[in-house]
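When the chains are written out, they are named A, B, C, D and E in that same order, and each has its own residue count from 1.
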Amino acid sequence: MNTSVTAEANTAPSLALAKPDIKPLLLIPAIALAALPLVGSGSTWMTLTLAGLAMGMVIFIIASGLTLIFGLMDVMNFAHGAFIASGAFIASMMVAPLLSWSESESIGLNIAVLAIAILGAMLVTGILGIIFERVIIRPVYGQHLKQILITMGGMIVAEQLITMIWGAEQIPFPLPQVLRGSIVLGETLIEKYRLFAVVIGTVVLLSMLYVLNRTKLGLLIRAGVENPEMVESLGYRIRRLFIAVFAAGSALAGLGGVMWGLYKETVSTAMSGELMVTVFIVVIIGGMGSVGGCFISSLLLALVANYAGFLMPKLALVSHILLMIMILVWRPSGLYTPGKN
Amino acid sequence: MIAPQFATAQAVTVVENKPKQVTLSSRDLSIRFGGHIAVNQVSADFHAGELTVIVGPNGAGKTTYFNLLSGQLMASTGQIRLGEHDITQLGAAARTQMGIGRGFQLTNLFPHLSVLENVRLAAQSRANKGFRLFSIWSDHAELIERAEACLQQVSLYHRRHEQTAILSHGDKRKLEVALMLALEPDILMFDEPTAGMSVDEVPVIINLIQAIKQDQQKTVLLVEHKMDVVRSLADRIIVLQDGCLVADGDPSAVMASDAVQQAYLGKRPNVITTREHDHA
Amino acid sequence: QDLKIALITGKTGVLESYAKETETGFMMGLEYLTGGKMEINGRKLKVIIKDDQSKPDIARTLLAEAYGDDKVDLAVGTTSSGAALAMLPVAAEYKKILLVEPAVADAITGDKWNRYIFRTSRNSMQDGLAAASTIKGGGSIAFLTQDNAFGRDAVKAAKESLTMVGSKANVAHEEYAAPNTTDFTAAAQRIFEALKNKPEPRVLQIVWAGPNPMSKLAEMKPERFGIALAPGGNILPIMKTWKAYAGTQGTIFYYYDFPKNKMNDWLVAEHNKRYKAPPDMFTAGGFSAASAVYTALSKAKSSDTEKLITAMEGMEFDTPKGKMNFRKEDHQALQVMYHFKIKKEQKNEWDLLELVREIPVTDIPVPVKNKR
Amino acid sequence: MLSTLCRRSLSNSLPHSRLLNLLLLAVVLGLALAPFITSGARPLNTAATICVYIVLVGSYDLLLGYTGIVSFAHTMFFGIGAYGLSLGLSSDNPNWAGAATGILLAVLLSLTLALIIGLFALRVRAIFYSMITLAVASSFAVLASQLSDITGGEDGKTFSVPELISPAYELFSSPIFGRQIDGKVICYYLLFFSAVVLFLLMLRIVNSPFGRVLQAIRENEFRAEAIGYRTVLYKIAANCIAAVLATLAGAMMALWLKYVGPKTMLSFEVMTDILLIVVIGGMGSLYGSIIGAALFLVLQNYLKTLMTQANESLIDLPWLAQALHPDRWLFWLGILFVLSVYFFPTGIVGKLNRSKTVGH
Amino acid sequence: MIMPNTPHDFILQLSGVHTHIGEYHILQGVDLQIPRGELFVLLGRNGAGKSTCLRTIMGLWKASQGRIQFKQQDIHTLATPDIARRGIAYVTENMGIFSALSVKENLSLAAINGAIDTSRLEWIFGFFPALKKFWNYPAGNLSGGQKQMVAIARAIIEPRELLLVDEPSKGLSPAIVHNLMDAFRELKASQTSIILVEQNFNFVRELGDQVAVMDDGRIVHHGQMQALAKDQDLQTRLLGLSMDSHQ
């Protein structure tokens, strides 16, 4: 009761001396193994685990943009969902005329459709992100409260714009032929789409880790959030960097939208709200803006949801929230704090 | 007073002449940040009516020691007593209410409130009126008067209605002092109060501390790097180095010790001493 | 004096697309029936459209406003069941007719009903009975639905329906998944485990409000365990994505290609012309509501509530689905349903279903459940 | 004499701007006379909702504007109040004793929950607190829809109210000033006076020494602790006070609507509305809740009508007409919101009241 | 005042600079000429406008009127990063530490032209040994004086033509202050020009070449340091105290 908040923060072990922290990483196999005897059947367990891990990848892709923006720029972007939805809509619009390609048996054409959808969506949402940064976010850097408020305003406007442009109806967004169906090994089954998600997720993870850990960019942006004037006095055009990060985050949201749209095979305005709570939870329990933490927490969340859904469907109603509370009790600032790993 | 056993040979042994009432004391107080021990087994007693200056190189642990005494940080080991009470486990707010007041080295204020309101809040805390839910704050005129008086003492009265955020650095330092005054603590801990204050204001603060010192009920702790300030105020000097207490005692003796001369004042004692004597 | 009708729907919010269909259908219905003149018995017809955002409290207020301030003669609405249920007492308070369309909750014509309430849309029980009538033989059934009042009621109705139609099938499993579930792996695995060793045929019936998880389940290859899926019908844009699961069977209350009558022909043709797509379920629903209103007003020759009630109880009226009639006891419109199969060979993007059988009203013996 | 009384009941905190005072006076008079200067269901309904939202938003501002806590659990307390009242009244013979019991139990439940959340969560970083409250609130909504036997589930439920305020009751046989004094009007005045009392209470709290400490915590919690305030206690107290007031607002809302349901009481949309109103009205100034609630609810209720007209007159410009389609009212509200965060960061009240306001 | 230097010897010139912050008129016509390669001292009471003056040069406040030239080129129209890249480094009075970053990262950000030059780093470590010790430590956890060292080190980690330094000695222990004086001497020797705002008379008297005194947003005195140091009356008049009465 008596310890002040700041004191707790201050007594956190010295950052410089911390070793790589793998406990959160071990949590995943630990939970999976713990679930095995409960689930009973090996093939069912395998199906649940594989599906969960792959779904975790999808969640990670969707959350990665938010983590990036949140972690580096300390902006909680409530409008992220709108970017997700626009990504999906844009992709579905781009591939609509290419229906025959995506239905064709040719893998090349299928991949071409996917590439067009992904790149197109990322490009457009990236540009939208730049606009959004300019008109919405720029005036409120460093002011948390206003950020929450203004991005919520931005979310409302963006969602309405989407409805205005694409209407309220659901638009079909068919999976290309290669990604349809599942692979069955004995009684274990994995959907092809999920394998695809694993590939894309890995690419996103690795490239984010590379950019943040091997370049000055990550440092610069974190410094810029704390004290933009100082960073400018050192000679960096921090505004441009912020824009770049925001564009990247939004493009990732667009990618997330494509992935989510492909999973659901329809695109609708409801998409923007659907996953937001999940994504926020992922970002929170991953630790503010830690890419690794976000990755692990996405996988955890999806796995736990699958096991809970199988073992006790009632629990699945609140499994995300329980997981969040448990992790925050264990580590009050999330699995990882940025800079720590 | 117990001389710490680990005090080095050069350290000055304590000279104790008149028995004084111990108000605040620490026993074997330590704090560790990861692998770094910032305050290491520090034991010291502080007395009413005495002004103790704490000196030591940058990073010696002076501010951290203050943080431990005033409750901003919790000790890893050791004990802190205030009069009869063991306060080691108490939080900052509780200790403040028991009469420990402190200023911060790096200015720490309520930026969007007015200068007066900053001080008024401290006076209100002193009067223990924070949980008055149903009276109107402006009805408590005594708090406002008290706050204005404190501002006058640090010559900030003329800026009382301005927003704190726009004060210049030096003015913020003064406000920091005023805040502590308004708390009317029995134990006052100043952390480099004059850093950044312009030369003509420094005497104002020194006189203020001098006046407080006259009150035999008050215990004053002061961290200061300006040697002339130290010399004009200190009743006793404590030296910290790398978290350890290495000397404690009479000012002139402590200042003359080699440890202080080399580790603190600089590696070229001859240069320093000449200059010190020039202006003494 | 003009005849005023309020049409309340959830035009903004989650059910926006349904509401739009209802409105289109309703207006097209009036247009068709009045021959474009928008007049009944020589009185000009005025439709006041209101948006309740699918929020019950707003729906109530709007209905009160419609009756009290706008002085409408009768009201039609609304999209969300919750909002519709909240509106029922308001109709009684103002002693004016509320024609419910397209909300489906059984309670509307069940225990929450009052004598001012009529309903053109089908209720959950009718859905259940229609579905049950397709599985009269033996076998095993599992249900997948949402874990909320809607889902539980739907399964209750479905099970009741099975007994009522005398089906010999056995209910092997009921799966209640979190309403916001997006990943159905866990639910599917539970169902497969429960169903796989039960007597054949094995049917998994899906009752889901909102985008149907049908395709997600199909990807899990239920045929590995000899399980057939039986989705409820859905709106066209969703069924469009089911193309890959040709052969799957289910029941639906309207599909533009099934009914053969003049009214439907006009609707399909006009709708295709105006909106470049065939009419959907809720378009037909709106159209039917318009027809009920038109028939009642013409028949009663007055907009007096009591006269209308008298006219409407037992009233038969034309709809794109053929004839419906308001049962006297609970004012529910009895109507046919359709047993469909997903087409393999599709002629165009909207050519999705083929008719297995039209389920006649006699096969759908909805019990009367209100406390009249 | 009278003016002193007035000033004191407003806790010496009347705004400095003449324009603002006029606006406030207009709103309050409008609300006081609403049944007589308007006719029909919608205006009265709008006025009643404004009364409820003044309390709801004011209590939220206590947290957001004064203490700097972003909580998403406010709707939960609002819902508890509403459900409490509905349960208290859900007998065959609804009476005031039942209502009072329902409200009392709801207040107790809210207090307990606020205390627990506060103890658990107010010590973590602000953004975490928001997320935790978001999670708790959404779990509560799940719970409410699961317990459909008592709450009516997703659909919610309607209930009747004591005779005195039910629509059928008529106080006088003939209309007064053109308005039949029926149960609805009596109910309206019940809400209006509750709102007045609760608002004055909140005004007193924020202008008390306690209220000033809350502001200090918002400004610099660390320093507030260092000058001797146990900030956790203050934050928990603020949380509890806000929760209780929100509970009462919930009861008021339910009493007026005679309906409770998750969409109306617990949904995130209600939370967004609260946020919009606080920001548009002006954070950190309770008067903002009056102006904000009045403006927002009038817009919400009448913006569409306006847009319908604009839309019809613009039929030649399809794109603009599309944007002005009444179904897109939320779009304009969003724009208004963003602009107000942009240009009136301190809200309408802050803008009008540039000189020394309550906050500074 | 007669200046011995020709215009080309001035690295920085301010003429008639006014600065407004919101409604406040802070700088009210400041004229300054900073000779190349010298250490220029700016004195004045609290709130006189010294820090505002440095911020205006850096472009962090925009001059509402007047002209600022760096190496004979206007810079008052430029954005801060561009001003910095012309060769000006700045130590702010509140240090502007990036507290989440380590000391190393703080310094490597300051090295905008690439990696940190190790020999220069060793040179800095010579003055501020604590930096070496806490090299990988998050800068936010350092002591007040250590943070001050990081702030100064950041400004000198790469050679710059002009340094703006706001009260560098505050919070530093006497030994380190001496090191700092050495550092400034060496920087001067390498033709770096310095504008120093300082309250420590000892410090400025030893190092200062020219001095200006500010009051109320104006320059009230401008001349040679030596002249001011000798003239006790002038000191008392300008600064409220003579340099010798207070060391």
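Quick note on the criterion: a residue touches a chain if its C-beta (ideal position, glycine included) is under 8 Å from a C-beta of that chain, and two chains touch if they have at least 3 such contacts.
These figures come from a predicted structure and were not determined experimentally.
The minimum number of touch steps linking chain C to chain E comes to 2.
Taken together, chain A and chain B share the touching chains D, E.
Centroid distances from chain B, each centroid being the mean of CA atoms, peak for C.
Chain centres here are Cα averages; for chain B and chain C they lie 77 Å apart. Per-chain CA centroids place chain A at a distance of 37 Å from chain C. Separating the centre of chain B from that of chain E, both taken as means of CA atoms, is a distance of 29 Å.
In chain D, the positions touching at least two other chains are 146, 222, 225, 231, 330.
Of all residues in chain C, those touching 2 or more other chains are 16, 147, listed in ascending order.
Residues of chain A found to touch two or more other chains are 1, 4, 6, 10, 14-16, 163, 317. Across the complex, chain D meets chain B through its residues 8, 11-12, 204-205, 207-213, 215-216, 219-220, 222-231, 234, 237, 356, 359-360. Across the interface of their complex, chain D is touched by residues 11-12, 16, 51, 54-57, 60-61, 64-65, 68-69, 81-82, 85-86, 88-89, 93, 105, 107, 147-150, 152 of chain C. Every residue of chain E that touches chain B in the complex is listed here, in rising order: 21, 24, 44-48, 51, 93-94, 130, 134, 137, 141-146, 148-149, 167, 170-179, 199, 201-202, 239-241, 244, 246-247.
On chain C, the positions that touch chain A within their shared complex are 14, 16-17, 20, 147, 175-178, 180-183, 185-187, 189-190, 193, 211, 215, 219-221, 224, 235, 237-238, 240-241, 243-244. Interface residues of chain A, counted against chain C in their complex, comprise 41, 44, 47-48, 51-52, 55, 163, 167-172, 174, 180-182, 184, 187, 189, 191, 193, 263-266, 268-270, 274-275, 302, 305-310, 313-314, 316-317.
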